[in-house]
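Each chain gets a letter, A, B, C, D and E, in the order it is written, and its residues are counted from 1.
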Amino acid sequence: MPLITPDDLRKQLGADLPGAVASVHPVVEGLPAFLETGDLLIEADFLPRVAVYVRDVLGYTYLSDIVAVDYLDYQLFELVYRFYHLEGGRDLVIKVRVPRDNPSVPSLTPFWPGADLNEREAFDLFGITFTGHPYLKRIYMWDELDGHPMRKDFPKQGDKYLGDES
Amino acid sequence: MNIPIERGKVVTVARGQSTSVAGFSLSKGLGVVFRHWRRAWFEKQHQNVPATASESAPNAGNDKSKPTAFVTLEDMSKSYGTFTVEYPEQRIKLPEAYRNMPVLLYDDETGHELCTSCFQCQRICPPQVIHMTQAKDPASGKPVPSVAEFIIEYDACMSCGFCAEVCPFDAIKMDHEFELSTHDHPSLTVYKRDLNRPVSYYESIAPGFWAEARERAYKKLATNMKRRPGAIGIAPHLTEKITAAQAQAAQAAAAQAPAAKAPAKKAAAPRAADTAAAPTDKEAKLAAIRARNAAQKGGSAPAAGTAADAPLPTDKEAKLAAIRARNAAKKGGSTPAAETSAEESPPTDDKAARLAAIRARNAAKKGDATPSEESDQPAAETPPANDKAARLAAIRARNAAQKATEAAEQAADSATSTPEAPASSSEEGKPLDEKAARLAEIRARNAARKKGDQE
Amino acid sequence: MELLIQIIFVLISTLILGAAVMVVRTRNVIHSALWLIASFFGIGALYLLLEAEFLAIAQVLIYVGAISVLILFAIMLTHNVTSGEGHKFYQRWWLALLVSLMLFAVILVPTLVGQDWTITARPSEESAIAGAVEMGTAFMREYLLPFEIAAVLLLVALTGAIVIAYEERAQRRRILTLAQELALRKQQQQNHAEE
Amino acid sequence: MADVINHVLNTMLGLNAPEWLIIFISNSIAVTLIFAIAPLQMLFMTYFERRAIARMQDRLGPNRVGPKGIFQPVADGVKMFTKEDIVPTAADKMVHLLAPCVVAAPVMFMFAVIPWGPGMYAVDLDTGLLFFFAISSVSAVGLMMAGWASYNKFALLGAMRAVAQMVSYEVPALISIAVIVMLTNSMSIVSIIEAQSGLFISQVDVAGIPDLGLGWFIFSPVGLLGFICFFIAALAEGERTPFDIPEADSEIVAGYMTEYSGMKFALFFLAQYLLNFLLCAITVITFFGGWQGPGISWLWSMAVSEANPAGNPIFNVLAGILGTFYFLAKTYFFFFVMIWIRGAFPRLRVDQLMGFGWKFVIPLTIVNIFSASLWIGWIRWELNPDLAFLSALGEPYSFARWGFAFVATLVMNVAAYTLMTRINRSPDETIDELVADQVFGAVTLR
Amino acid sequence: MKAEGTMIKTEELQINIGPQHPSTHGVFRMLVTVDGETIVDLKPVFGYLHRNHEQIAEVNTYLQNMPYTDRLDYFNSMANNQAYAMAVEKLAEIEVPERAEYIRVIMVELTRILNHASALGFLINDMGAWQTPLAFGMREREKILDLFESTSGARLMCNYFRFGGVVRDLPPDFVPRLQSLLTGLPTFIDEFERMLRENEILRIRSEGIGVLPKEVAISYSVTGPVLRGSGIPYDIRKAEPYSIYDRFDFDVPIGTVGDVYDRFLVRIEEMRQSKRILEQALKQLPDAEGGHINPKARQNIRPPVGDAYTRIESPKGELGFYLVSDGGQTPYRYKVRAPSFINLTPLSDMCRGYKVADVVVILGSIDIVMGEVDR
């Protein structure tokens, strides 16, 4: 079972793709420190190259899941990419952080057609635009909705319907 | 890519051979269907067992269902013969664990409802469909451990069974009645009057579960009944009958000395007699507790503190405590309102936590002077109103204290309070985040100081 | 019995003529096709009246069963034929009527004049070729040659239709499935690799 | 039917009614009988189908309406009557109304030709069989009208498919029936049934054994292959699984019946079920001896008929009852086979269905005609001086000739069947075929 | 016949299959552009059953989410419960006693049999067999649902798993009834296979239809029987053994071509393997005092700060839960990796070039449940 721990993955990537590994977010006083789970952090625009590197060099050919998490306090979105090796073993996690106002990440769909629906869902529920995605449209909501339901600042209750000012 | 597989091998499914003459395998398929057709005429998967009395009227609670002809028993190994159950006439015997909609239980003899409106089920219910208000003692306006109005919105309830699991008094149980379709939608908001079921009914549908819960339920009911003045806790439709019975029992019992009545451990019939006397000593007990708290506020350790670890107080001691409480109340004056009205409005999570912390502190001060950790399990699990809960809080406080002292040493040496608190998710719970961690340090420090000056 | 037959004959012929006229008059092409089928039925009934059973049933089988279905298919498959905007009479419709009557007269008059109206129907010597058995033997004996020529003609028509259909299929846009596309792309890479 | 009534009126009651009155009465009785029996048949068949297929799926089937669910079809009928009859606004009203009639009417015609028992037939056309298939092709026109009139994309698609299927499966049906006509050299249904009397060995009456009425055509290899092809064509004609493409609900919603509701929808159902009944009846008549069975000919010999007008009418009734019993038993057995097939097989795709029809069934029927002609040649042709070798087999209709013909045609038919199944197993276009084929040029690689 | 002639202009037709359609397994719509009878393009349309399950999960406490996971893939509520329970146990580091692990494995393997029996029934039903194979499949499903009802209290919405074990122990008559079910099971599977495996009509309708070649299968990140049907032996119970799956020996069936027929055969073989696992689990089941739940594990918990992702081999593929906890009682972020949802990505590519009648069969072979797709 091939297993790569995040640390030596970070060293290997640092060697092969300079500039890809992003610095860990400084601990901001007074804010919850739950961002630090020791996983690999990647600069947004290095993502396609890192993904191809992971697939071809390390052999993690199976992209299982793309999760978008909204950290309101830190004003940023975190995208968690999870890869698996077909011979089994633990996952390989790559995280990308983008600012909350007009977040955009290069799409993985050209390399993994499987990423298509996950990215459309992240776009629909969080508003993260994936540049290079062939058919980036809302997947659940109707197209005219101007708002992204899963964001932390999306109004949960309230009688006033989003968008109508009356 | 060759993927290694332990304890098993990779099997490639064999695609059908193309040698067989066309039409032969089609006839194999026909053969299978014909065998099913032939055997469907005389084999049945469900045997009809004439329904015995209890089974045939499982949902006799409401008179809608007509008695069934038979109940079917299923033979799982059969894979031929008809498996239809002709529903109204035949019914499958519902298993004990079957859960459809929650219902409230009341004791048959005394008519007292088991529910003490501790709001546990309202808080745990995922779709938030349970609503209740606590009963008030008409005379003194104080809250009484019984429920005034209990509403469940049957149309939104998803019968997940959490309320039945969480209820500490076994007052709410999942019913077996599934024929609930009605024409008018409002009738699906069911009030307490329609929710009540006698305990004997629940015993008939889930004998195993009730056997386990019986002991615990009745012990708690006994204590609660003592603290319910007048006919408050009695199931609505039984109130007239019970109060009438109480009236004559009261005159008969008036002659004997109050002490002769032993606290009814089991729901024995005579208990109905002493309910008349119950309201008086209930106020006494309430007053006693209030007095004690007031006394602690005042700083003097009243003699009543020893009453805390006495066995279940008999009425006599309760009356003594009442007298002491009355004069302490006059001296103490302000009793912390927050303490008793804890259950007034349904607390949100953090308010409950804070309340629990205060209660734990008082109990701890009373037991022995070590601060207790903020216990996660909200102590409101058993209402502090009576002594037993206080004793429990004390015990918890004591072993919480040792934990706190260890946490204090650790907190002292590790500079940043990294989240990897001691792995064991034991009772006292880990310091959750910086704020919680800092609180723990302060408490640990003064715990260490107090232990120091005690030796 | 004679009177009964006369009445039935008049009824059937009015049905046939009426349907034929309606074929021309209705706006909607489908309706005219349906009227055509009605007139075929009428002709079938006429044959039955003449006790030519096999002919009547053959008429129904061939004309109503096959040819009319063919016509309906053709109409439905061609585009915007059934818009039915209707065709008005031309201004000088009477000239067209006159010419058609003249042509009709050229055929009809000689037969009507030459006909000897006095003879009553004589019982014919040998049995008319009406029954299926006689028709079958006639095909195999006296009319063998026309029968074979007709068979060849039909065969030619059949193969012609298949050829046309095949050509059209070749020009139709082919949509490749995922597996075929991958195989083709691999094939192409191999070809490039070889060059 | 006419002679019985003539016997009853004239000889029994003594009033000498004119010829045409007797014909008129007998015909009107026959017609009323048909119009009474047909819908009842349909009602019973729906009930029979639902109970049978339920048992195949280990369930009970309708058993609530009436004892054992007998009145369920009546309940369905009432439901169909009371259902509102919706006509889409854009539909062509007249054609929409006329379509179910044009589909249902021919089915009623076909009943005229079916003999229920010895002497019990409405009319004995001497081209009865051809009449049966000619009229059945008229309902194809009705389907086209329904599909076109309901102005609905799915309905048009369904109608096209249905008509294409019916027309393309009429060819094998007629050819496989032509084989039987060749064997009995007459198209009249009554004579076909009479030809199937005698013992197992068709047309060879062994002396000494009474006429058991078991000389069915199915017992000859020609008949067997004819039966297989005809039954497949009947399944396709009656739109039964595995050929129920037109109203394949999994793809287009309900085929040409999409825009129909209420009584018109019921009329379509009536037409379909009666067509299934009649196709089973024709299968039974042509291959399983219609009302032939042991005891019929003995009863019929004593009944009133042209042969002996002095017979006793009671035997007419008895023979009729026994004949009808045999006929209905066989027909309902075949309808059960249709239901059985419906319970066991998935459905064919449209193009596979057409391919199966033109590449498998029709070639088989043509081979069958060839082997039938051999069969007749060997058994029936009298000695021909230059066919000297035939004389070695003995005189016409002899057992030896029959045996030789049986073996020869059996070998030929079985060989044809296995050859056909082997040929049709060609896999899809392989890749190199695709590359070589010029079609590839028309492909744009994405 | 050189084909360079002008292309015959055939007008493309747009057909809507769904959302209300007899064989789209729920409210799922496919916008199919058709040229003649063959399919040119297919656009799946989701969202008709979307209820923002993840937003609800962020408002509920960890325990209150448990009954909601039943509603994800409402065919396999036990599998969803196990995935969610394992995710929370990993987050809050709660151990699960031996007997509870065995009860969980028994329940999930029973759900696998139930799911495959009805999925195959629906697939054959889409091909046109009038509900007979479905009725045989439903019969087995009813027996299993009765077992679930006697243990968890409900047939479909079981809500049986808790953090650290299961709600209550198995009822006394569970093991004998399960043993009698397992004796009846082989006859069902063998009969199902005998009836349909070499059935000519089924093979014509399914061989070479909806082919997902082996090379591209993994790039569509499909999982479960769809991936194994294409010939890649990737089963999470073997690749990354979770809970106690490393104590059972069972095989991983794979197909060769990756068409509807292979997926059909793979599911039949998987039912047999599940039966093997069940037999071994019943033999090794520790007796009652092993404890059906970890007594120390409390239910309304506050897991420490951090995130956790666990995945199980649910009957439809890899079902994963990603939880982020901020130390409070409610999850900060709750994401479900639904197998049906991701298995739908290759649908439009798989259907291209086939006939309209095949779309329904291909969709049936992927076996989706809309509760999980739309969440």
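Going forward, contacts are C-beta pairs under 8 Å (C-beta built on N, C-alpha and C of every residue); 3 or more make two chains touch, one makes a residue touch a chain.
None of the values given here were measured: they were computed from a predicted structure.
The set of chains in contact with chain A as well as chain E comprises B. Among the chains, the centre nearest to the mean of all shown protein C-alpha atoms is found for E. Looking at contact counts per chain pair, the maximum sits at B-E.
Computed centre separation for the pair chain C/chain E is 58 angstrom, with centres defined by C-alpha atoms.
Mean C-alpha position of chain A lies 43 Å from that of chain B. Between chain A and chain D, the centres computed from C-alpha atoms are 66 Å apart. Each chain gets a centre from the mean of its Cα atoms; for chain B and chain E, those two points are 35 Å apart. Under the contact definition stated at the top, the residues of chain C that touch 2 or more other chains are 170-173, 176, 180. Of all residues in chain B, those that touch two or more other chains are 1, 3, 22-23, 26, 29, 32-33, 36, 45, 83, 419, 433. Across the assembly, chain D contributes 56-59, 343-345, 438-439, 442 as residues in contact with two or more other chains.
All chain pairs that touch, listed by label, are A-B, A-E, B-D, B-E, C-D, C-E, D-E. Across the complex, chain D meets chain C through its residues 20, 92, 94-95, 98, 125-127, 130-131, 133-135, 137-138, 140-141, 144-145, 148, 156, 160, 163, 167, 170, 185-187, 431, 434-435, 438-440, 442-443, 445-446. Those residues of chain E that touch chain A in the shared complex are 46-47, 50, 52, 54-55, 59, 216, 218-223, 232, 234, 238-240, 305-307, 309, 311, 318, 320, 322, 324-327, 332-333, 335, 337, 341-342, 344-346, 349, 374.
Put simply, chain C touches chain E in their complex at residues 167-168, 170-173, 175-180, 182. By the touch rule above, chain E contacts chain B in their complex via residues 60, 63-68, 92-94, 132, 136, 139-140, 142-143, 146, 149-154, 157, 159, 167-168, 171, 177-178, 180-181, 183-185, 187-188, 191, 194-201, 203, 207, 231-234, 238-239, 246, 248-257, 261-262, 265-266, 268-269, 296-298, 300-302, 304-306, 327, 329.
Within the complex formed with chain D, the residues of chain C that make contact are 1, 28, 30-31, 34, 37, 53-54, 57-58, 60-61, 64-66, 68-69, 72-73, 76, 131-133, 170-174, 176, 180-181, 183-185, 187-188.
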